[in-house]
Each structure stands twice: as C-alpha cells, then as structure tokens.
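After this come two complexes, each holding subunit A, first together with subunit B and then together with subunit C.
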Partner chain A sequence: MRAALPRVGVVTLTALAVFLPLGLIFYQSLLNLPFFMPNKTVGVGAFQFVFADSDFWDSLRNSLVIATAMAVIAVPLGAILAFLMVRTDLPGRRWIEPVLLIPVFVSPMVLAFGYVVATGPVGFYSVWAKQLFGSVPWNVYSLTSIAIIAGLTHVPHVYLYSSSALKSLGSDVEEAARMAGSSPFQVARDVSLPMVMPSLLFSGVLVFFLGFEIFGLALVLGDPEGHLVLATYLYKLTNKLGIPSYHLMAAVAVCIVAMTFPLVMLQRVLLKNAGKYVTVKGKAGRQRPLPLGRWRWVATAIVALWLFLTVVVPLTGITLRAFVTQWGEGVRLSEVWTLHHFREVFNQPTLVRGIVNTVLLGVVGGAVAVMCYTAIGLATHRKNDGWSRFVDYLVLVPRAVPGLLAGLAFLWVFLFFPPLQPLRATIVSLWVAYTVVWLAYGMRLVSSSLLQVGPELEEAARSAGATQSQVSRHVTLPLIRYGLLASWLLVFMIFEREYSTGVYLLGPGTEVIGSLLVSLWSTGGADMVAALSVINVVLVGIGLAIALRFGVKLHD
Partner chain B sequence: MKTFRRALLASLAVLALAPAPSQAQVPAGYPANYADTIAAAKKEGKIVIYSTTDTVSATPLINDFKTLYPGISVEYNDMNSTEVYNRFISEHAAGGGSADVLWSSSMDLQVKLVNDGMAMAYASPEIASVPKWAVWKNEAFGTTYEPISIVYNKRLLSGDEIPQSHEDMLRVFAQHADKLKGKVTTYDIEKSGVGFMLITQDSKYNPKFWDFVRALGTVGPRFQSSSGTMMERISSGENLMGFNIFMSYAALRAKKDPGIGIVNPKDYTLVMSRVMFASKTAKNPNAAKLWVDYILSQRGQTIIANQAELGSIRADVTGSMTEAGLSKTLGASLKPIPVGPELLEYLDQTKRLAFIKQWTQAIKGGK
Partner chain C sequence: MTKLNVQDLHLSYGDNAILKGVSMQLQQGEVVSLLGPSGSGKTTLLRAVAGLEAPHRGSIQVEDKTVYDGIARHEVPAERRNLGLVFQSYALWPHRTVFDNVAYGLKLRRTPSGEIRERVDAALKNLGLGQLGERLPHQLSGGQQQRVAIARALVYNPPVILMDEPLSNLDAKLREEARAWLRELILRLQLSALVVTHDQNEAMAMSDRILLLNNGVIEQQGTPQQMYGQPRTLFTADFMGSNNRIEGKLSEVRGSAALLAGDGWSLWGETHGAPKQGGADATGMIRLERVRVAEGPGDNHVRLPLVTSMFLGDRWEHLFHLGSSRLRAYGSAPLAAGEHWLEIPRNALWVF
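Our next item is the complex of A and B:
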C-alpha cells in the first residue's frame, strides 16, 4: 500500500477545497452577522428574513419560470439541431458546428449586454425594426424575453449531449422510415430522437439546473423592470440593508444549493442510465447522412434563424457599441465612430492587468488545473473502491454552488486561513476558486480521456513489475497526452468566459475580464464594458480557432 | 552577500531620497514639526488607498502627490463602495494588511466605519480652510463638492418638458405623462447605497416628497443601480430623463456626448462629498496623513476641481465645479449633505426596511 499515500493526499486536498468554502457558507447562514464579527450570535434569523421577503419568492418563481422555459425551448431545438447536424446532409455542417458552440464559450454578461445594445428599446436592431414596422415589436427586458434568450443560449448544451448520442446510432431504422414515406422531420420526431431519449432527458435536467444559476443575463436584462432571479436576488442583498448582509446571502445560497444539489444527483443517475438505453440501436458503424431533399431549405432556415438570434444579434450589438461614442434614437452612427474606448482600456492599469490576468489564468492556470484534474483522475482510475466513489460524488458538489457564492466563500478562506493570506491578493486565489468551481467539468474531460486507455496496457506494465506511479507516468499519461492538451484548451476557454466566481474576489491584483465586466457594469462604465467584452470575445475566438486548427473535438 | 544587499539597499534609499530636499518642504502655514511627519512617511515609503473614485480621475492627483513627496509610492485601488466597506472590515477582522486611507462616495458607510472606531483622529492643518459640514470629529473629511442633478436627453426633450426643480418635476410628470411613460430613471434604492442615501436626503428637503414619489410612480420609472447605467440609457434615448445623478459624471459625459443636458434643481440642489479617513490601524500612518492633507490642500483641491472634475469644497479654489463657482448661480439652494452621525439614521435595519417599503408602496400607488 505504498502508493496509497499520494492518493489519500490528493483526495484529502480535493475534499478540503470543496468542503471548506461550502462549510463556511453553511456556518455563515446560521449567524446574524458576518462570521468574523465578535458579537455574532447563532440562529435562524437569516432564513426567517429571507422567507419573509417577498423578493425572495418573486425571484424563486422567476427562476422556476426561466428554468422551465429554458428546458422547454432548448431541448427540442437542441435535439433538432443535433439531428440535422449529425444525421442529415445539411449544407455547411463543417463550419456550422464551431459557430453552434459559441454561446457556450461567450460570457453571458457579454451576450446580455449585446442584447441590450442590439435589441433594447432603442437598440441598433430595434431602431431598424421601428423604421420597418413603426414600433418595436418586442421588449427585451420582459421576463418572457429573458427566458427566451436564456433558452436560446442554452441550446448548445442540449446539442452537445444529444449529438454524441445520435452519432452512435445506425442509419437503418431511419432509412426504413424515410422509405416508408416519412418526411425528415417525422423521422427525427418518431425515430431518431426517441432512441436518444435518455440523453435528451439528461440534457433537459442539465438545462433546467443551469436555469437556477442564471446570473449575468438576469443582472443586465432584468434590471430595468426589476425582474429578479435567485442569483441576482442574492447579489442585491449585498446592499439592501445598507451594510453587507453576508448571513442573508449565505442563507439564499443554502436555499439554492438545496434545490440544485438534488438536480446534480439526478443528472448523475440519468447519465449512468443513458448508456443502457442505447442497446436498441441498429447496426452501428453503417451511417449514412439522411438526404433532406426539398426540406433542405426549411432546415437551413431553422439553423440560420437560431444562429442569427443567438450569436449574430448580441455579438454585432456589442461590437458596434465598442466602436461608437453614443448610440440610440436620433444618433447617426456614421458620426460617432471611435477607437477611444480601446485606447482608454489600455490606458487603465487595472483593465490592462485584468486582460493579462485573464490570459494568464486561462493559459497557465488552465494547464495547472488540468494537471490537478488529472491527478484526481489518476487517483481514482481503475479503482472501484470507497475512495473512488467518494471522489465521484465529491467532484459534483461544487457544481451545485453558484459561482458567485463560491467566490465569496473562497475570499473568506483566503482571508481567514493564515497560511493562505499572502496569496489572497494574487491571481492564485482566483485560480483555486475557478479550478474548484469547474471541477466537475474538468473531471469529465479528463476521465473521458482516461477511459480510452485500454486496461491491458496498464496491466502489462504492472505484470512487468512497474509500480503504480510508474504505470501512470510511463503508460497512462503519455497515452492521454493529446486528450489532456484538448482538455487544456477547453478549460482555457471556460476560464476566459467565467465571470461570476471572480466578482467577490475582485481586487487589486485579482482583476479578470469577467468580474471587471460585472463591476464596470454596476458602476456604469458602459464604454469600457463594451470594449472589454470585445477583447474577451476575441480571446475566446483565438482559443476556438486553435482548437479547430488542431482538430480538437469540442465535445465527446 | 548580506553586506552587498545592505549596500544596495542603502544606495537605493539614497536614490529615493535624493531629490527630497528640493521638493518635499513643509507646505506654507503648516506647523514646523510637519517635517517629522514627512520624514516618517518617506520611511514608510508607500500608501495604500481603497477608493470609489475611478483610477482615471484619480491619476492626476496621484501623480501630483508623487511629485510633491517623491519616494512615497501610491497603491491606489478603485472598487465600488460596498467593496471598499466589505474589504476593509473583513481585512480588519482578519488582522492582515488593509488600506491606510479609505475614500468613498458612500458617505453613510464611511461615517459608520468612523463611528465604529476605525478611523485615526487627525487634526489636519487644512481643517480651517474646509467648510464645517465637511469635517466630523477630526476623523472624517468631506473632500469633494458634487451637486446632484437632473439629467435629460437634449435631442428628445425641449422647452417645458425639462423640469427646473423638484417641484417642477411633478408638473412635468403630469403634463407629459405619455411621453415620459417608462422613460424616467433614477437609482434603485435597494441596490444602490448611494441612491438610498440621496433619496432619504430628498425626503428631508422636499416638502412634498411623498407626493413626488407617487407622481414618479405614475410614469413607471426605470430603476438602475448606478449613475453610469442611467446615463447610458438617457444618452441613447431609451430613457429621457433621470434625477439624483452626480453632476460630476454627467458633466464629464456631456463633454463627449452633446446629447446630455444637465439641470441643477432650483428649489434645492443636494451636494454630496466623498468622505475620506485614515485608518486607525494604518500600516503607513504618516503617509496617510500626508495624503489626507494633500487632498484637502489648495493644491490638491485645484486638481480635484479642474482635472479630476469632482468639484472643490474650498472657497479659495476657482472653477465652474467648485463651491465658489456654483454658489454664484445656485446660491442658497445648494444643500451639502453634512458629514456626521445623522447619516447613520437609515443604517438601522428596521428604519431602512420601513423606508424601502413605504417607497415601494408609494411608487405602486402612483401607477
């Protein structure tokens, strides 16, 4: 059992990183003052306050509405997109795929701000619509719009899971249906999609769960009409009492976790069952794209419309805003072009530091994070014992905690745990928070690579007398190195995009674009928000381009 | 190795101190022992500031301070007002390093920190030149003079659609209800501490305050969490007018954006002042004193008024954004919010929530 020591170390460290902040949140929720104040007392006052606050119930209802609407919109649309992309001869599939995934990698703050500028009451597109129809036929600040936008931007999540399930199906049943006279859409509805039902169900639960975490979209779009969701309610509590009310925020966080944790567990069960269902698939391997025939243009229109609404509208909006001094009703865009905002960004040391930190965090931090994920992966690789099952659940826990709160908890950990204090004002604190928040995602990437290594290779090494660590170093790791590189790239993009985790950790030295966007948005630096958003999109774009250049699979 | 390092440090110290005799003299009118403070501050070598004033506005001040006292580096951190407060109290509790000077537009939170005994008592030599309302207990100092204005979109509003006072807003809301529907903006008082403080001041000065709130309710106001988001919306025409907006921000934006119009209400114009204090537990207490004195000095205030565009509280500083300049046009209607314990009133949880409730109901009642 010599090799067990590093293993126990890795597991213990992970458990600490996960439970310490979570424990702090629970503890804080049961106090009446910040936990570091000497005159605090224990009680359930925070919960009483929250449950008596009508805003809480409003935000809970809105969260439920949005989460449900997201599942209702994203699942069918994502399924249809997956069917069109994977099973049919839709033109331009090769270049559509990366574009499809853009909403996953662009910060919702950026998207939301783009929607305000593009489709707000006097947005670029709204003004054009007004010229066409006489009035603006939509209200982007309504709860309905927020729900629709949230639904549309989460289509890729459904797409990812259903497309990988669809890929493993044979074509024979579809062809049979087509031969019997079904239209391609009937094939999708009655044959292909029912066969991947478990994956659809899983992604439905996933999207519903993500609905509870919506923060940026609701923060930007919900403000003017006062639509709150749970995460923005939590953010609002920062100021409601004039002085920060950590206990109230912690109480809301506990309520959120109480709802999301069962959903995370449900996802786990569904994901396990998803594989079982595929036993009814036809002869695998023999796949031929289904000819769409005259339905081709309908299919193209669906994809194009979705792309236009979800990618083109917000991104053109934000880009346009970044290059003008002012906008809106009565402004002639040709007269207000400027590069001033970008010059301003590069003149502000904080923002420059933010950009540098964001890149560092993505490139270096991403690499180190993948190393950590790999260490955890190796610690449980091919060992089906109590430790591994523990880690299995452990990595899912942070998934249930909204990034906003995880960031706050990590701030506390770094402030009040003396050995860590010197690291607080450095980007390391952010890195730890990011790595833990994205633990589940990273682990999935790494373990899918690990599972591709045939057990016989490792066994061969072991029977030749190699120790556990030698097997890992000389056999397993070299075999998964390309998988790890791909994981690094995906983690890079996720780290570039992340915004809520850094909000409370934001300080001198820990600036990143994501949290700067939230902070600048709330202090009203719209010019800077637009310019930084564009820079952020460019960074993510570079990551995406590299991924495509090297043929990284963007999903399994 | 050790001697080498010591020699290196010594030569660095000489470098840092070299220009000192020519530059860092005791300012005119200061006590002679101020030279000791300067010397001690140089030994400290730096100052850490947490502030809500953005770095761009503060840069001219920082640069001038460094010219005045070479050898003292300024670690300037801008963040929002809640963050200033949170960061300071948690760092204070954790016992690690924190700011030497706190400078925030959230007057009430600053006064609370001072009231909780976090500030260093310091009889700045500049106190005599600063208005009485801006100094509390020789601990908290108001540093800027920022009128709170009505801002409107010049392209879309004209003539009698532009209110001239708080009372006039009632008339405008009634006469132009259709045009203004959903297009009047102000702070969300639940999300913005500053917005809350301003509206409670309104409730003191406006004799028809609750009528005003109900009238506001009838036009379906849009609440935002910051001046900046309000201004963005007014500039674009999404909203047509907003009130309780810092004139300093609006004036800065109006320079680049010809669509922004500003009115200082004739019945009363609130004036807020960014409150500064030096921390009792400052690691660099002497540098902190120099900074406070510098900000209150004529030299510092001239930059505050003319480069940082925040408005000077000193009578001997001239310019359009100073007490002296504004008094000419607005006279007695200027109502500075005094730095003092009255600001603590609404930090009481019950009182605050009761006010928010009354406000929400009045807004709804107006619809």
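Our next item is the complex of A and C:
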C-alpha cells in the first residue's frame, strides 16, 4: 500500500533522530582518534585500549553484580508489595500508592545525595546512630550498599508491572480456587502469583537492564571508594587522557549498547507474553480484599520499613542538608538553620538559568514532545504494515541507549553537522536529546490512549466521508485529549527528573538542574547541590500533586 | 436499477480465507439481509462493501461507479464511497452532540450551514428524535442511540445504507418493536439497504431477499418464503427455523419420495438436494410446527413415548424420543404421559 506523504515524513524524521546519533557512536568507535581530528584513521584501536584497561573489567564486573543484586532484591519485594496493595486489606493503601512511586519520579542523583548526607560517615542518620550504638553500623560507600540501595529504589518498577497484572487478573479465577477449598494464601501461591509470573519475569529483566544504566547512584556513592560501573567508567574517561577521548568513550558506549540492546529485545518478547493470562474485566476492582488478620501488622511493618529506607531517609537527608550551614558530631540542629543556600542559588545566574531551563524544558518541551509522540502514534495508528512494524522497533532503539550515551551522541551530532551547530548552545539541543531518550516511554503513554479509541468510531467517520487526516482531527484527537494532557504531565515529571542526558550537553545556555547537580557534585559544592536537589524535588512534587488532584493514572 | 453489485469477491486474513467468491446484487428500494452463523463472513462482506476491509479479488459497484476492481487494482477508499453505515455498537462519537454527530457527514460535504440545520432537523424528526439534538450520546437510551446512528448514516442520502446487526444491542422486548419500526422506515423512505444479522426471524421479517452465507460462500439466496419453504440444502433448512432432525437410512426411493427408516420406525418424505440411492445414510428434517399430535394411526403416523411437555406461554412443546433422535412438536394443551400418535406430513419431511 502506498503510504501518505506526512506519514513518510514523520517516520523518516524519527528514524533520523534515532539512527543518526547511534550511527555516529558506531562510526566514532571505529576511529583511532576523535572524529574532528584531521589525522584520524579507521581501526579497532579504541576497543584494544579499553579492553586492556583493568578499570573497564572492574566496572563491567561491578555493573553485573549490581544489576543482578537489583533483580534479586527488587523482584520479590515488588511482587510482595503488589500483592499486599492490590489483593489485601493492608491499612493505608490509598496514601501508600503515590508515595510508592516517589523513587520512580525523583532523580537518582538526588536520592544518591540524600543517602550521602543522611547515611554517609557524618550524615544525619549516621550521627544519630552513633549516639545510640557508639559507632555507625553501615558503610554507605561499599559496593554492597550501592547494590542494596539500587535494589530498594527499583522496587517500584517491579511493583508497577506486577500490580497492573494482578489488577487485570479476573477475580473469577481466584474465586474458583476459593470455592475449590484453598485458603487466601494458597490462592496467592497457586493461582495469583503463577498467573502474574510472566509479568514478574519481565520486570526482573527490566530491573537487570536498568542496572546497566545506573549512573547517578554509582557516581555519587561509588566515588569515595573508587567503585566504578560502566556508565561512570565512561564518564571518567572524558578526562583520562587530557584531550577529549571520544573514540574510547564511543568504544565503551558500543560495549554498553551491545549488552542493553539484547535485553531490550528480550523485554519486548517477554512483554508480549506478559499479557498471556490477562483478561480485561470490569469486575476485578469490586472484589473483596483478602483479610490479612494478625499478619496485618507484620505486613505494615515491612512496607513501612521499605518506605523509610527508600523514601524517608534520602529525602529528609537532602532537605535537612539544604537548610543547615554545616553538620557533624556535636552540632545541634536548632543552631545551624539557614536559608543561605537558597539565596546563594538565586544569586548565581547559571543556576537560575538552570532552573528556568528545567521548567521550560518540562512545560514547553514536554508539550512539544507529546505532540511529536502523538504524530508518530497517529502515523502507525490502525495500520498494520511494514512502516508500522518498523516504527515499533524504531522507538525501542533509544531504550537501549542510556541517557548519558544519548547526550554524548547528540553532542557529536551537533558538532559533526555544521548547519546544526547554532542549535548546540540552545535548549533545543537538550530538547531533542530528551525527546529521543524518552521516545519509548512517551510512545507507550500515547499509544495506550490511542488504543482506547474504539475502531468503529473512526470507521464511522470514514464511511461518513472523512479522509484519514479528517478522521484524526475530528474524531481520534478530540477523543484522546485528556489522555494527551495526562501524558504531558508525566513527560513533564520525567523531564524534570532527567539528569544524565544533559551531562555532556551542559554549557552556557543549556544548563538544567539535573546536569548542574552532576557538575556541582564533582566540584564539591554540597550546599548548592542540596538546595538545587530540594528545588528539583519540589518541581517533581508539583507535577505529582497536579496528577493526584486530577486523578491522572501514574501507571497502567 | 441496481444499487449495489458484488461479483466474485474474495477476501482473506493472511492464509485464512474469509470470503471465497461471493456475488450479489441489491436493487433500488430493496432490503437484502446477509444471514449466517458467526464466522460465515457476513460482517466481512458488509465491511468490504463499505471499504473497511480489503478484498483481493472480484469487484464491487455502487450504482454505476466501480469502487473495487481486483483486476484493475482499483480501490476507492471508504470515505469516497458515499455509503451510509450503521455500526453494531452504533459508534456514536462521544465528544459530539446528537446534532453534531448527524451533521458531520454534511459538513464534510461542504453543505451550507442553513441547509445542514434543515436536513439534520428533518432527519432527527423522521426518526423521532426531534428534541434530543443538543444531548450527548451517553445521555440517550440504547434505542435512541440506535436511531441517532441510523440518522447519521441516512442524512446525506447515500445510495445504499449498510447495517451491521442493527438490532442486536437492544434488549429482546425492544428488538421486536424496533424491527417493525425499522421495516416501516425503510419502506417509507424507500431505502436500499444491506443488513447483516444472525437472527433468521429478524432477517425474514425485515428483508425482501435473504442471502444465507456459510463459510465464505452463499449457501442459498431468495425471498424469505423461498428460504423457509424450499431450502435446497440441509444447512439452509436447519438454519431457517426450529427443526426436528432425524437420522436414519433410506430403505426405498421412488422418484422424489423416499422412505427414511430407523430402529423400529419408518417415514415417507421428499428428497431434497443431491439424489441418493437406497441404503444410504440420510437426514430427515421437519419443522416443529409441521408435526401434529394425532388422535390415532394413519398415513405416515408414528407412535412415540412422551418424555415431557414444556409450557411456552402461547403453547406447549412436547418432547418425544424417536430411536436415538428427539422429536419435538407443538400443541395447545399438555399431554398425558405414555405413548402418542404423531402425524408427519409426507411433503413436510425433507430428506437430505
């Protein structure tokens, strides 16, 4: 079938935005010098250098350890949490739900700072623990701690998938088991959990995959003892040789993508299977929750402890730090209160610009990004042909490229193609990178809205005489407008939270809070970092509050 | 004048052939029903005519315009076929008022707004929806929604109106009223309509002609009376009414008369379909209303034990055993337990 011109345009542009940066990474990885050097030659020297570096193998091992630990910790905890929240009469389920998702929407960079100022050697909680026990019983900088923290902060990812699987599980299958004589816990063990197993498997692979993307946590917590992971190894390479070592970074980037890409494809296969037992039924919400009885308090304690460790500790830590001049043993909180850090932030033009840019990028950039995602969504909507299948895979590709790499690749795109250079120092460069990095996420939001439009509503318009584009404008878009507004809000929050994509694009004019945090951290400005982090959390919090106020579903 | 002409239409989903060569015509002012069990391809045929499914062979003409031609690879998109389609789910646009739903087709045809108002009001009035123009679809009852869907499909005077199970979303009671109303509307407005239904009573009541589809081909077509009274195949006979199905062997064949026999019984009937030899397995088919409980023995009578009598409101249904088959008959009063004589008229027992 002949494709319409706008459709070809949308698909081609998307393909360009996805493959150009990626292609540049592959090209650069096969050069012996950065691409802008006149005497570059083609070869595998970059790979040889990297493979000969023991730090590379250390960081690879650490990445594997952390990713495995994350899956081992997050999957069982997330599954238990989902079962407790969806199927039982756990007290306080209504307000726990939004709190659960905080680690998803708060920047890992902020969480990591939070852990340092709360539980580092002189952190708030460490000092309090020392007063209680005489010594600090933990070391937050060890590899074990990093793995545990990474695991705990990724529990919500598992929770999201297993809870939506549990919710869509028709209650009739469980009722049938009850009628056959099994107790509530036998129902969970024999029916509910086996039926959501495909989703658990999927989220396990997802968390393992996210383990390879970890950057902020490892950068902040791994630095003091020198624990590198792949992403931080890449970041450290920037300055290793004095000159920009683009070819080495590209080689590492190719290694990372070589591991993440198969994982993304595996996720796609698993996700198809995940829906295998799902039966969409309106009745699922009406079922009676399982009474926990005397296990009620044990369950509450587990959930409360998890919330305390992953939400309360880092967030209180970072907030306290932002409002005190100094902290250590023997310092009394009441004597060190200050607003000085915030005044300082607002006195520095770079930081103010960073805040303004972050808000602009979230509000305006988020809106434009949702428009782009919608255009792509409409280009493939209800068309099951080669183009659609191509776009299906196309949007998955950026998923395999961690934000840090994507930012680097886009920097190269802007340097490599002279006509694009004027955009380099503007927020547009950031917007392009953000939009491509979150392509898969945004497309899922938009296409889930699109899928809710009954096909006959569109067919009715066509048989009334509307062309494809009239159908989109008169029927499809008006019907999904609330879905699109909700997507805008979610994309806003994600853009506020994003930090790694901006790291390499950071320059005068392109400051955003996320990348400023990374650069301030390396220059040791803990006061500014804390104050900026609080501002970042407040911005995300505003988005979250609006979402809750208008009943926007934070996940499917 | 022929409004719709479908020739040798083939359509498949991948390797799965849905339509295997369907031909049909629809004349001016005629109502044709597409009848068949689920999976027979009737909705697919309707959607192919509408342009919502892509056939791969054959041709479709609306009035004298070819909208699909498999040989010339010519396909007019759905929006340029100028047909009216009423969906099973009605598919009213929830974000538009009743007026805007109906007016949409006229707006697309760049009708002046004064004329739009006139014609939409007229259509709404015609369908008994006069005061409901400003409502949103969800504020209407199911019956009203159905009328809006019909008004929306009629308002721009399409040459043919296509209806996909137009009555199936109404509850049983409302359905019979709507059937009469719809038939009246079609006659009054002299519409040419192609209607998909899976209910043979609905098809017979509403249409001038019935096309019975089975497995992607037309099994038989004709007027409702022909379809009911002169079925050419077992499938048609079975589909078109409430039947007794009697399995047996042919013990004698004399011209068009055949003697069907089983364990301890034998009955004369008329052969239908392909001719058969004596000794072959055969199936007898008789409508429930043609079996009569008789006073005593007689021609083609059979004595059977009564299993039970069921009260249906306006009559009783009696259940008998005939060998391993069941035989049902209507009656006006319950029967006493025990054996009864049943009369099977020779011309009412069709032997296939």
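Methods note: the second predicted complex is superposed on the first by the 520 of 556 C-alpha atoms of A that agree within 3 Å, B and C clash if a C-alpha of one lies under 4 Å from a C-alpha of the other, contacts with A are read in each partner's own complex, and residues count from 1 in each chain.
Please note the rule applied: contacts are C-beta pairs under 8 Å (C-beta built on N, C-alpha and C of every residue); 3 or more make two chains touch, one makes a residue touch a chain.
Fair warning: this is a prediction, and the values are worked out from it, not measured in the lab.
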| item | value |
| --- | --- |
| Fit-or-clash call for subunit B and subunit C when the two complexes are aligned on subunit A | fit |
| Contacts of A:Ala466 with subunit B and subunit C, given as first, second, both or neither | second |
| Partner chain(s) touched by A:Pro478 [first = subunit B, second = subunit C, both, neither] | second |
| Partner chain in contact with A:Gly386 - subunit B first, subunit C second, else both or neither | neither |
| Which of subunit B and subunit C A:Glu456 touches, first, second, both or neither | second |
| Residue contacts on subunit A - larger count, subunit B or subunit C | B |
| Minimum distance between Cα atoms of subunit B and subunit C in the superposition (Å) | 43 |
| Subunit A residues within the subunit B interface of the complex | 34, 36-37, 120-122, 223-226, 236, 238-244, 325-331, 344, 347-350, 411-412, 415-416, 421, 424, 506-508, 519, 521-526 |
| For the subunit C and subunit A complex, residues of the former touching the latter | 50-52, 77-85, 87-89, 91-95, 104-105, 108-109, 152-153, 156, 162 |
| Contacting residues of subunit B [partner subunit A, same complex] | 54-56, 75, 77-80, 82-83, 85-87, 89-91, 93-94, 96, 108-109, 112, 155-156, 188, 190-193, 196, 222-233, 235-238, 249, 256-257, 259, 346-347, 349, 352-353, 356 |
| In the complex, subunit A residues that touch subunit C | 454, 456-457, 459-467, 470-471, 474-475, 478-479 |
